[in-house]
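Residue numbering begins at 1 within each chain, and the chains themselves are lettered A, B, C and D in the order written.
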Amino acid sequence: MKITVQTETFDLNAEVAALHRNNPSVGAVASFLGTVRNESGQVSAMALEHYPGMTEKALSAIVQEAQTRWAVIDATVIHRIGPLAPCEPIVLVAVACAHRGDAFAACEFIMDFLKTRAPFWKKETTADGGQWVDARDSDETATQRWRKPCH
Amino acid sequence: MKITVQTETFDLNAEVAALHRNNPSVGAVASFLGTVRNESGQVSAMALEHYPGMTEKALSAIVQEAQTRWAVIDATVIHRIGPLAPCEPIVLVAVACAHRGDAFAACEFIMDFLKTRAPFWKKETTADGGQWVDARDSDETATQRWRKPCH
Amino acid sequence: MNLKLLYFARLRETLGISREVFTLDAPATVADLLDHLRARCGVWTTELAVERNFRVAVNQEMANASTALNDGDEVALFPPVTGG
Amino acid sequence: MNLKLLYFARLRETLGISREVFTLDAPATVADLLDHLRARCGVWTTELAVERNFRVAVNQEMANASTALNDGDEVALFPPVTGG
């Protein structure tokens, strides 16, 4: 498992290759790349703040939970912090499994929990100054659907 | 939309960059990389046969169906044919959307239909000679779950 | 009518043929074509038996037994697909 | 007992503080700590009002109002997270 919080960007090829490591049991790598959106055309920059220490713990716990639910061979989570320009990569989650069903589910699970449980905060810079991004209800809804049914 | 059937390998970075194209509406790229498995250690090579003409049509139809179901900004499907060694990449499906829910769903939908509706056939080479890979029931099951409910 | 028949993967190897032109009286469906092919006996009868798991595409679209055939159609026979 | 309080993102800016050491009588819960902070009045009362949407972590794990506090605990207050 690789969990990294860093200011610099990352290389998708290198990360997927490091995750796969020519392991012949791996048949499926699902990955998610999140990038800075600027739909309004108003965002000149974004800054990511986080809670050092808790971030890494929270991400590790999320990946470990995914590993108990699906047959995950290995997983990588990289989240950037600091200033970012529109279109720049923010986050990479990549999961290697034998089969695609496990890889897709684990990757989406990790992203959904990262969005609501990992202590990162986005602040957008526009001509009007800085504005903290509001949490979206849809992210909490996405997280809730992974709840296991009661027995 | 980019649909390619090719013998040579592909570059994940280049494909994702071409798909994203610095479009500030894109916030999410979900991708799937399928690689040649060799769990038994017996597979020395794999060969992919396909049905030229129908393959491209089938893949285009699958991506178009995904575009009617989710808010897909752009999508890329690359499938390799010919001889492949264990651990080599076979298939790439990458989908760019504004939000991750659409990207994950469309990417998994395309893979599930590719697995059961696109005319590719795998043949593994072992010490005993060539062996056509059998279709898996679980792939058909994965496809069926995307059926829309009747109204 | 003349049909262009194509065979792929395991079926191509077992039947020992990758393509042929086949002449059939119109009107006819995929089921009629399969009956004629099974009448060749041997591997044709066993490989194309109703209970065997194979697929038929007409003009590069998935078809079924009742799909009507027309002069010049391209009809492909192949096992369930296993790409990806 | 002494608590190490941390504030992040919008809360850090609005409250005008990023960290402090806070002394509180034991035993105490997160709810008790919040009551003491609200008693500072002004933005403290409005930002930490029960109906406001904020989160509390104790020793880097998500906590709730009834979470017990111990001497030396690190307590962080922050808005709902928005990474990814």
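Assume a contact is a pair of C-beta atoms (placed from the backbone, for glycine too) under 8 Å apart; a residue touches a chain by one contact, two chains touch by 3 or more.
All figures in this text were calculated on a predicted structure; none of them were measured in a lab.
Fewest steps needed to get from chain A to chain C, stepping only to touching chains, is 2. Averaging Cα atoms per chain gives one point for each, and the point farthest from that of chain B is the centre of D. With centres set at the average Cα position, the gap from chain A to chain D is 26 Å.
Each chain gets a centre from the mean of its Cα atoms; for chain B and chain D, those two points are 48 Å apart.
Here the CA centre of chain A is 22 Å from the CA centre of chain B. With touch defined as above, residues shared between interfaces to two or more other chains in chain D number as follows: 84.
The residues of chain A that reach two or more other chains are 34, 100, 111, listed in rising order. The list of touching chain pairs reads A-B, A-D, B-C. Of all residues in chain C, those touching chain B in their complex are 6, 8-10, 13, 53, 57, 60-62, 76, 78-84. On the chain A side of its complex with chain B, the touching residues are 11-13, 16, 20, 22-39, 41, 86-87, 98, 100-101, 103-104, 107-108, 111, 138, 142. Every residue of chain A that touches chain D in the complex is listed here, in rising order: 34, 48-51, 53-54, 57-58, 79, 90-91, 111, 114-123, 132-135.
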